[in-house]
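Same chain, two partners: subunit A is paired with subunit B first, then with subunit C.
On to the complex of A and B.
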């Protein structure tokens, strides 16, 4: 019934991206922006989407460069599939082993950090909202095992699950948001434009950071089926995410007010517990609605872990070749490579869990994580691909 | 290999299901308080819970009373709730709490009330939808009313709010509302006020919280008129002379603000449909007007008579509103129309001007009311 070729369709990619971005941002943005910007938070949500929107042109830009260079060289490769023009391919062909390893390690570390933060958040959500007084560490261990299983199944299996789950998750959310609109007090949305530019920039940066998984889309190309329009799909997913974020922000602000919103841990979850369903037949819908964030943050963790293990695998493969004969040509023993690959997923799981424990035991490290994201990772996600694209282009010209 | 992984994961889930889940406390071993009353003495918080004994409720032959009261005391909130949990053999489950009754002494102590609300919010103990009331009676006295009412206090209050036209037509006041105004600060909250009489519970007054400040007890009419001016009531009934009355519905308020030399004037315009009751002749004229309006014909004599009545109602209402504003300003130093929180939407400049001087704004506020009532046959 399914091809099982580890390739995903355009729709599956869109849903994966929506799951990745929606969960963490809808959970954290109302509280964060409420604290920084209050009534102006919605403008930060809209403005924060602009740089991410521009970023979505990067895969197309890199493909375009590649396509142009191929045409110039006289080879007729403009109609080849995504695989031939992907960023990992460009990375491989730019020639410098150090740059390649550096890029792969940067993204691997970032993947582990993101997954660790996601695991911390999901465990905290479980312990604080669903299984009160339960052990955080136990919740984190079980969730980590579950995520490990997800990674083991490969991207195609996960994409299929998210494709099916999509409407089961988002339809109740839309319904609940519609029901909540009758309690919204629009006066709480005012006055607007009363916050400082400094806070506005901080708020916008927070929005960009929470859409950080979009940076990994460059490495997704080898897993995409042919004719998947990467940029277009990214933009579509981003628009859906922005709409959800803006709606949830306006609803939570309109119900709780700008004074209360910053004091709440997870405003969206509290909102779900307050909505009265017609008929009153379903008393603990908040527990049911937590499932939305369970699945979406689970997807977020999986994304981080998947890219970390995939890129780590790529790092190792290259090293293996160099060690074999020093001339980058011979292939290492098949058994060795396989046994090392088997260790990669458990290693990523352990590292992710270690990051989660770090955030749990030493909460001040979360600030460090945000700084790493803002100062180091986000600029690198744009600068590195552009530079590597240029290097690759120059080499091919040469 | 794949099967092995599936088996391991399934085993983990099975173990989680068997060993954890919802806990192993039997239903009969749990206490489900339906109402809680809290007060503050000089040294301690005191709390009384009223709950049904499930064993006795289930046993039709039981002659014991189904309801029971639990008292707890503590220097701080944590001690109070630990005491409540430890005092009774059963496990306390607050998920079914319907009413929280706060004593005036607690509301008037900003620091202690803040600590109490902070604890409830942090621990997420009571649902935000729990109905909120204020009283001057002691917690045990309130909870023991269930013997007089023949049903638990929580259930009684819940039913009363759901069935009483006055409360049904206004926004329900819940614990969530108190959390909200506590954090948003400059807002009014009109909490129903309970008085325990010998044979019944009287809900005839309101207690006004203005942000974190307890403004005090307010009579029913003043409270309702203030709620009307905030557009928090769906309908309102006013009595006129000669046993006649008008039911106002489809209320729609609009607000305008002007500022001159630091003096702010708020103009509240309220449009409403009014159904006249008690005067057949007038009712007939209204009916004729409604019918003729459809044919675009009007009888000028009838029309004038109706306009006169409408003007009379409007004047009565305006006088009542003015009296309400004056009363609240004098007795409670309160802004009955809850205008400050609307400023951001209606007059941004004035909001920015008084952003850091809320008391100065209130001191220099003048409110003008304009009613526009149209008599109709059916509301």
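On to the complex of A and C.
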């Protein structure tokens, strides 16, 4: 009747992306960049956003391409966004089953790794800030179950959660940041441009890595409502995220200085514990403000798990079967979703939990994860779609 | 295992199908005979159908100029009878028929020229029996092969009275009665348009309860009525004694504590819902109408939100939204702060909390549960007791027991304040069923916060939010217009947390047909 179409609007997409990118980056970047770049950290935030900004043209390009191909085929031209073809569908059209499976598996693994890392981080945050002396594993299990419940509701349900939470999360954050500005000492922001280029590159790479969930926009296409402008929405979300990151970095740097900042585990949380609310009803509000990172990192985990399960469904799916169920062709794996979902979602949950435990028990694996991200995944997210685009262009020419 | 389950399922399905078919055939054989011209035969048949029913009266009479035509009036003792020959329609009809000779009587009967608009002829015994059970009188006339249904006093019911819940400061005080016909009339009185349609259904194999679906023909969203009917036809039940039974049998997610139908006792609320393009379901014998589809926002609204100025209405709305949140979370938050995160409170407040708890032998969670359960008990007792005594229970419970419990060091005064404030919040939610959802979830929050502190609170909040974000009422997202408001170009947001000035609410909400949403415009 009215909804239940598993499509999300432009506003929902924007908020989804902001939640995905803001959580981990606002929590980790001040500490990371403080350590690597000190007063120059803010430039890394701006520089790191550039490649991600350029990447946003890729899904837009794919969208345009689909629009043109549909115009040529005489189908509905008013629909500029989703004509019912996903990235996996495009891959399938290439006819090379190996490339398709390879790409899907790469992204599935990436989704699980990201979700596992997010789960590790959130459980750690909860245990260190809210549940002192409690079990990390208990926190991780409960969070994983909640994430499983979240992805079980599909993308529409997920998008609605973030749409409604948006102002409840970001209004208090903005208010707290405004209150914190009075304690900022601008002397701590100087001197600038004193760090090596090597550190700049590292810092910029860290920023790009933390905005990595943007790569999954390629798979969001089938879930978007008709009038969604993908590229514009991605860029808008990126700008909001960069503004938040830059503001938090400058405020934490201005309050703690480049000497103290690198020593803090989560500078943004420490900042929240120091801000005094007018009226004095609350002595400290860090316990309340942790909610911001709880919701945003939950969104990050959810995104990883959602795409992992969605792509796993697409890998699982046999081609013939998908063609038979033509009406669900747009959404990977939706054809026999119900039967496969029962198996796939719990599997993804278990895998995510395993990754979290790995990071918890063997911290050196975290470093390996970051290396995998920097060396393998980031280039792949750009190179693969471009290569596939080129192959498809060549095929079209004849 | 699966095979076994399938076998059992198959057997059950066969059993049900067999039972239903058997039941229907039996019923057909018994009642579906056509009425004959012989009064003796008809009377015997009808008496057999109602054998053993002491409340059904059948009286033999004579009509016609020379009293030569035998007839029989059948009625339920209370619904007819007393005034039968004096003032009632039956009395007037029988008197009328006494003025004609035999030939004229049959002529008038066959031409339906009795001068009475409400008389309905029936061909079969099943229809006649159903007619009798609606509270009307059935007249069999010798030589005439139809039974006449003549409206009489009808079943006894309460008259129109003031609504008990959903009280408003401004606006009508009329409430629904227990008669479906009176209720539909109360709604129609408010919207005098031929486009208001009423679809009648009978639900309940044995109770045959009349259920009316009221809607505005050109406003209702396509497919909604069909979906409602599909769900109503999707079950067979012995009897429907209240609209609550229909609500439970037709809702999509039985496990959700949140109601997926809006209920109202107010005809003006129902009329407003119809003007918004929604369907109102009225069941006989129930003073509570169901409104569908619905959403969170509708439950927070009251009728007088639209009768009062926008500032007052908006303030009321904000208070109710906050009340719904605190009715669910406050005791849990108290536990989280006092047991896990005392650092957030200023030292003075913390010390006063600690002093208040001095001497209380129970942990915080037991204290809160004790008070919450006592409060729920008082509430239950207050509802079951007659009006005046119910109030007394409130005073006894709230003042005397609360005071005594504090003095006996069973609970701390802070907990009494928290529980009382939570209760206040739950009373501020205008819909009883909706408020109940928060009352139930309150215990979930208490458990989570007592176990995991603020982390538990966040987990519980997110779980409720995920549930709500997926919940729908006939396809409408429950959290409209806070989510997916782009569907209506964000028009619905004008009538949500804030109620903007009435002249700005130019469009009907999402429930209405997409291209027929304009409801207000200025005349040039």
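Observations on the model:
We take it that the second predicted complex is superposed on the first by the 348 of 398 C-alpha atoms of A that agree within 3 Å, B and C clash if a C-alpha of one lies under 4 Å from a C-alpha of the other, contacts with A are read in each partner's own complex, and residues count from 1 in each chain.
The rule is simple: contacts are C-beta pairs under 8 Å (C-beta built on N, C-alpha and C of every residue); 3 or more make two chains touch, one makes a residue touch a chain.
Treat the numbers as computed from the prediction; the structure is a model and nothing was measured.
Subunit A is touched at more residues by one of its partners, and among subunit B and subunit C that partner is C.
After overlaying the two complexes on the shared chain, residue contacts for A:39 are found with subunit B alone; subunit C is out of touch. Using the contact criterion defined above for the overlaid structures, shared-chain residue A:197 touches neither subunit B nor subunit C, since it reaches no partner. In the superposition on chain A, A:146 makes contact with both subunit B and subunit C.
Residue contacts after overlaying the shared chain place A:9 against subunit C, while subunit B stays out of touching range. Touch criterion met: A:274 reaches subunit B, while subunit C stays clear of it. Contacts of A:259 after superposition: subunit B is touched, whereas subunit C is not reached.
When the two complexes are overlaid on their common chain A, residue A:291 makes contact with subunit C while staying clear of subunit B. Using the contact criterion defined above for the overlaid structures, shared-chain residue A:186 touches subunit B, although it does not reach subunit C.
In the superposed model, A:98 makes contact with neither subunit B nor subunit C.
When the two complexes are laid over each other on chain A, subunit A has residues 131, 134, 142, 146, 149, 284 in contact with both subunit B and subunit C. Contact residues on subunit C toward subunit A in their complex (touch as defined above): 221, 223-224, 227, 293, 340-341, 343-347, 349, 452-455, 458-459, 462-463, 465-466, 469-470, 472, 474-477, 479, 482-484, 486-487, 510. Residues of subunit A that touch subunit B in their complex: 39, 131-132, 134, 142, 145-146, 149, 152, 186-191, 194, 256-260, 263, 270, 273-274, 276, 284.
For subunit A in complex with subunit C, the residues that touch the partner chain are 1-4, 9-12, 126, 130-131, 134, 139, 142-143, 146, 149-150, 153-154, 156-161, 163-165, 225, 280-288, 290-291, 294-295, 298. Interface of subunit B with subunit A (complex): residues 5, 9, 12, 16, 20, 95, 121, 124, 127-129, 176, 179-180, 182-185, 187, 341-345, 348, 351-352.
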